[in-house]
Amino acid sequence: MAAGTTDQQRSIGVEKLPHLTDYFPDLQTHTNPLQSNQFFHPSDGFYVTPTDVVLRHTAFDLAANFPATAAAPLQAYHRAGPRRSIYFEPGSVRAAIVTCGGLCPGMNTVIRELVVGLWEVYGVRRICGIVAGYRGFYSDNAVELNPKLVHNWHKRGGTALETSRGGFDLHKIVDAIQHQGFNQVYIIGGDGTMRGAVKIFDEICRRRLQVAVTGIPKTVDNDVGIIDQSFGFQTAVEMAQQAISAAHVEAESAVNGIGLVKLMGRSTGHIALHATLSSRDVDCCLIPEMAFYLEGSGGLFTFLDQKLKENGHAVLVVAEGAGQDLIPRTEAQKEERDESGNPVFLDVGGWLKTELRNWWARTHPGELFTVKYIDPTYMIRAVPANATDNSYCSLLAHSAIHGVMAGYTGFVPGPINRHYSYIPLKEVAEAKNEVNTRDHKWAWVRSVTNQPDFVRS
Amino acid sequence: MAAGTTDQQRSIGVEKLPHLTDYFPDLQTHTNPLQSNQFFHPSDGFYVTPTDVVLRHTAFDLAANFPATAAAPLQAYHRAGPRRSIYFEPGSVRAAIVTCGGLCPGMNTVIRELVVGLWEVYGVRRICGIVAGYRGFYSDNAVELNPKLVHNWHKRGGTALETSRGGFDLHKIVDAIQHQGFNQVYIIGGDGTMRGAVKIFDEICRRRLQVAVTGIPKTVDNDVGIIDQSFGFQTAVEMAQQAISAAHVEAESAVNGIGLVKLMGRSTGHIALHATLSSRDVDCCLIPEMAFYLEGSGGLFTFLDQKLKENGHAVLVVAEGAGQDLIPRTEAQKEERDESGNPVFLDVGGWLKTELRNWWARTHPGELFTVKYIDPTYMIRAVPANATDNSYCSLLAHSAIHGVMAGYTGFVPGPINRHYSYIPLKEVAEAKNEVNTRDHKWAWVRSVTNQPDFVRS
Amino acid sequence: MAAGTTDQQRSIGVEKLPHLTDYFPDLQTHTNPLQSNQFFHPSDGFYVTPTDVVLRHTAFDLAANFPATAAAPLQAYHRAGPRRSIYFEPGSVRAAIVTCGGLCPGMNTVIRELVVGLWEVYGVRRICGIVAGYRGFYSDNAVELNPKLVHNWHKRGGTALETSRGGFDLHKIVDAIQHQGFNQVYIIGGDGTMRGAVKIFDEICRRRLQVAVTGIPKTVDNDVGIIDQSFGFQTAVEMAQQAISAAHVEAESAVNGIGLVKLMGRSTGHIALHATLSSRDVDCCLIPEMAFYLEGSGGLFTFLDQKLKENGHAVLVVAEGAGQDLIPRTEAQKEERDESGNPVFLDVGGWLKTELRNWWARTHPGELFTVKYIDPTYMIRAVPANATDNSYCSLLAHSAIHGVMAGYTGFVPGPINRHYSYIPLKEVAEAKNEVNTRDHKWAWVRSVTNQPDFVRS
Amino acid sequence: MAAGTTDQQRSIGVEKLPHLTDYFPDLQTHTNPLQSNQFFHPSDGFYVTPTDVVLRHTAFDLAANFPATAAAPLQAYHRAGPRRSIYFEPGSVRAAIVTCGGLCPGMNTVIRELVVGLWEVYGVRRICGIVAGYRGFYSDNAVELNPKLVHNWHKRGGTALETSRGGFDLHKIVDAIQHQGFNQVYIIGGDGTMRGAVKIFDEICRRRLQVAVTGIPKTVDNDVGIIDQSFGFQTAVEMAQQAISAAHVEAESAVNGIGLVKLMGRSTGHIALHATLSSRDVDCCLIPEMAFYLEGSGGLFTFLDQKLKENGHAVLVVAEGAGQDLIPRTEAQKEERDESGNPVFLDVGGWLKTELRNWWARTHPGELFTVKYIDPTYMIRAVPANATDNSYCSLLAHSAIHGVMAGYTGFVPGPINRHYSYIPLKEVAEAKNEVNTRDHKWAWVRSVTNQPDFVRS
């Protein structure tokens, strides 16, 4: 039915990626040491070349956005993978790896794979773990890493290198990189960390240091743009099932029981949304991208009242960043900031629990009612990565290594439409992945969950 | 570095999809009943239209395949999702759901979501579960389904509708469809089942029945083409970790210990490959797409001998379809076929175990040696879907419903580059997803695992 | 070394158990219907008799408590199990099952096994589930139970019969029992519920009703006396590992990180203690039975300071009832009571978290410090029973049935030194199982964990 | 009802335990180093004394076995725990730990706790891990152990010391003990290993070496006598649920589906029995202690036929040692022995699968029928211990240490009626724990499962 072929013609525009030769045009290349592995017999298609690219956008409305931007080329990125020629002599590599910010499943897998990949595939022997975040660079807190030491790290949650928030002192950090002779810097962290990495990359360029910098976005919230998904996200969604299932059991076992689960998600509701889709026990899912209200027709209370009448219980999932505008704040709370400088969020779960109890006492005096509130945050983010994420973290780390060895710098490795690619660090530091409540995806997720749209009539 | 914009211009060609109006041009449309849900306030972008499309290919070599096919348009498929107008009056729908072939995690989720989606989103009230596969159509073996009945099915492994192999009798099946008045048929099954579904679709067209047919590919092996991945696959990879981990422990706890795990994969090694990437405990992964040999330089025994010398133990993963050409077969075995008509596979794991023991006894007489062989097949395929797959199965089932209600027929719903799309059933029945051991992906998976290429020098 | 045979002689005293014939001396007996099962061929030792007994105490200090009480007989209880003669004609049985109080893993298994055992072993066909606790008796809230309905209940957490606190109205309840013709009443609940069951039993005797009452103690805290352990306890200890493990990971991944986990245990520290012994990641375990203090030599802060210096992190487990005397309380809080009439506990975890932060800020200004606090309560108590508890719940329910069919009443079934026995309900309602911090067991648990004794020097 | 006090009087007889002072009467004692721990303030009841004893038997038939043996004293054992005086100066201890035989969950916990307990509680600094079983003593294969090294071992399955079967050479082993100066030997292994330990103990006595020997029984089958249960058993039962659950799903999803699971248990059916009780999905459980037959009235086939008619599927659990007398054996198979000298068992699962298929084909030609056979052995025994077993293993290892430091030798630590006790090694080496199919316990387990008694009418 319909369709056929469109008339509009499109070209492909490949995103420019910083490279060491931009700053050191005479840099020598070396043969990839894979060539000398006795069991290695690569096919013709083994090595990736600069003309291997990946399209960013794959869904179009031919009647709307496609022709409307016909003049613009289709955006593409360089594909990740091993190159035949590399720009580092393995014996001269001095790599630094650092983890910053909160925990996320898979951090240890990324670290482990960076070490194993550099060591076993490229023969690098000097790999340094910076301890406890950015401040580890200048506080002499580091540990030498090797495959034996990191052997089982992918089976442990957290980060064996320890982490901390803050501690970003640009000049001390770049001084440390310079004085300790690091020429490959792998930075694993969230959006604040990525903005720091951009500054480090710029300062390194300014000082004309022959150092490659790569950022590996770590955000359990999945709020980083361009890439398909951030590592640890599937594990977090999996673990969230336990909390939702417990809330469901508590609600079902009570008379007029409400199970309430708060999940991670400061500015985006991805975890809440995917956990809801996976569980099918959730009656309503509140996310930061969608305004909601409690009282009145079409509001949360009316909806829950109906659900309790139908089923005797209901389950509510709320992202930590949802409803922040609805919670009354003291003057002091309005000013508060956390160590990373982010505004402090009030506990939307605790607030909702109280509001629900007050509502019920007001409208159904004397009737039984229970709200069980679960906040599984620290139990989710501290687990080891599941199989899906472990595989992802392995490929991500190896993508980073191949890119750095190939001379790319100021970049981020990541899957775009399921192909590992290289994206300029600056682009990632500015991109944001939010749930678009106006697009098809949300729309029919809405239809699956059958929850209210919270539009006042 | 490099890149910029290519000169080649490309148009987009959208794959034609069969539609009921192809056969019944005067079919009336109806308003999507979502419009009358009191909590529903769709945004402008809610409904999907026929001009919403998804590109199939997203990775190109600009220097090779892209210009070489410049004349050909970029292939695209219709996007899945709810349509504003539908071609079925919900009150007149009589839906049939059937599951065929072996078990796969997620089957019950797909069934449950078909029922819940038809019932709650579209108001359909007559949904029939055909029991025990194709033969259930004509043996009067069926059960009425409703949301209350299927409520917890997504938390159970297997298929609550039961399944069986074979039993495909085209005319009896289409007679049954006709006589029982089904006008929507949802068929969940593997490649044999999909080929059967094509025949049913053709026969229905031939008889000019006003019946929409959709196929939902179920293959834990992930061997179906075009779509990103088949449902249950991530769960299978996750469960395989347990077996690999146990094999690893057995191998590590012994002197010269070999852990050997056989995983599903008749013609493709996807599970073995992804389980290997996720585990990082595997020294060698043998798949049907890659020939290997035991003796001689560059062979499996040499490689294992080296690993045992280095680490004292080794772990081997083998897909069930690997090495079938190496295993000696009796004349009788050469002729044997299973219920679905597939050639019977010999047990590559048992064979390898014996070969390994013989090799060691021959080459290291008197030295300790242990092979522990694990075949977790039935423990993997019978588990409920994990969160990732549950979410996938939900969206898949709802995609199927939206497509059928929109009048499409002879199609398959599935994710293409992470966007749910509709693909002609015939195209899917013929496509095959194999591991390409000559492309980039395999190549650098190879580099991650550092196993031999098994190329004789 | 030492020992040999003691001179002291001891007799055995068997605890008297209420029996229907105490009130109805002429009650007829019937043959156990097991005798008519076609596949059943019991050995001579199959049936249990009134002379089958189980000793309560098995550990003695021959030099101390044993001779000191030489005159007293060794205490013993009747052994549980099927009797050859029963005091109910199966066709005349009308059984009621009720669950009261908070959730505990295994409740559904107990319910399921009561139904399956009564139905399949004894041929009882009228089994009624009282819904939502004691109030269900008089509010006409009940459901007929049968094996098909309860088939999978043992795989679900919570209670399918729903539960509630309070609602105990003695006369309404016994009126309901009388009017609805129940002659077997199975009451599953905590210590408050057991005290209620005693009153029901007494009232039933007073009214001379021919009704057998049995209480099945449900307390995830394991605070009920005489029996070895309460059901759900092992599952709770297992689940607590997740929280402790997460707290450990959070603590290890931070600089001066403290992981703090609050576990269930109002008046007893069994869960905290066993979770500590199982985990081996815990540095200190605080329980209600042991006073502790924060400041000064030998206090918690000194101990933690030392652990942080040694390892860089520490993990603390605290039972919810610990330290209640240390937390400042407002006048209002001093008066507050929960629905069951218990004093409301303040959140010892939240209080400790604040105290720890204040202590550090005061004593180590400017140094990094993190406390991650996890309260997994609702995620623990809502899970299904693990294998150990499922088996226990099955044997417990069947013990209850065999006892009731044999005419016992006012009793509790439970394992004593690993043999299922019958204990007078009144004895259990008054017994309390606390951790004895002066005995051998605690003593050397203390030596395993190496934590402080909190004795001020 | 019934009971009251018996007239029979009983004394207590305490089992004699070998002690170093039996051979070295002048051995000096030392103060337990716990006394000098700064946080340690023991209560009066902290230390265990030789008069602390534990009764072995706690269930009696007052009308039968009790009076019948009135003359005999009640059997008791010394209680385990720390003693105030010890017979080793910690600085002079040289401990050896060895693991032999197959894997069992919890081995690494036992090793870890021996190391941590000796080091942290007693201040021992020379602890040697003998590698790869008995042969490690004389093949110079050993590793120095300390708390840092073993830190996370309790979270790993298998044995980090490696293990092997056979290799028992008495004189080489005792020579090695003598020459390397070990004075504490901890031997972890199965029944064969325990019989070896007895010989080592005897030879050490003969040579008048001042060496304490303790055996820690490791048998996942739970076939060791006197102690309540062997470590790893609860974990094995838990893991077996997965296999049974998968078999159940496979059976339920098929037409006339049989799920067949083979579980560990050479001479005893404890795992099969407990897994059956925990699962409630099993229709029949076959164990070595109970003869069964296939054909004829009251046989397995009749029973299964009835179950298939009732439910459409059935689940069968079989212990590996069951039915060995029914399986046809070649002459060669009759002679075969494994490395430990045990007769080789034929695969009862594979045999039953074939017999079942033949039976069906013979009696129901043309009807659908499926048998899915799962052997999860290696996936069960290689997992880490669960919480219940981890706690058990910790207390077991500390019991061993306390006993050895107190000068006991030739003993086994273990729980008797839930109190950790010391039992003479020789007694344990000869005891056997089988399922008694004639006693109460089996009898009413029988009634719970409702399976046939397999008594030919």
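Order of writing sets the labels: A, B, C and D. Residues in every chain begin at 1.
Following the convention adopted for this analysis, contacts are C-beta pairs under 8 Å (C-beta built on N, C-alpha and C of every residue); 3 or more make two chains touch, one makes a residue touch a chain.
Owing to the predicted nature of the structure, the values given are computational and were not obtained by experimental measurement.
*Asks:* What chain is the most remote from chain D, judged by the mean position of CA atoms in each chain?
*Replies:* A
*Asks:* Quick check on chain C against chain D: do more than half of the interface residue numbers occur in both copies, making it same, or fewer, making it different?
*Replies:* At the contact between chain C and chain D, which are copies of one sequence, the residues are largely the same (over half shared).
*Asks:* In angstrom, rounded to a whole number, how far apart do the mean CA points of chain B and chain D lie?
*Replies:* So the centroids are 43 Å from each other.
*Asks:* Provide the C-alpha centroid distance between chain C and chain D, rounded to the nearest whole angstrom.
*Replies:* Roughly 27 Å, centre to centre.
*Asks:* Averaging over Cα atoms per chain, report the distance between chain B and chain C in Å.
*Replies:* Those two chain centres are 47 Å apart.
*Asks:* Counting only residues that touch at least 2 other chains, which ones in chain D make the list?
*Replies:* Residue numbers touching two or more other chains: none in chain D.
*Asks:* Which bits of chain B are touching chain D when the two form their complex?
*Replies:* Listed in rising order, the residues of chain B that touch chain D are 103, 132, 156-160, 162-164, 242-243, 245-247, 249-250, 252-255, 368, 372-376, 378-379, 382-383.
*Asks:* Under the stated contact criterion, what part of chain C meets chain D in this complex?
*Replies:* My answer: residues 1-19, 21-22, 34, 37-55, 58-64, 66, 73, 76, 78-79, 81-82, 109, 112-113, 116-117, 120-121, 154, 228, 234, 237-238, 240-241, 274-275, 277-280, 298, 303, 386-388, 390-391, 394-395, 398, 402, 407-408, 416-419, 437-440, 443-444, 446-448, 450-453, 455.
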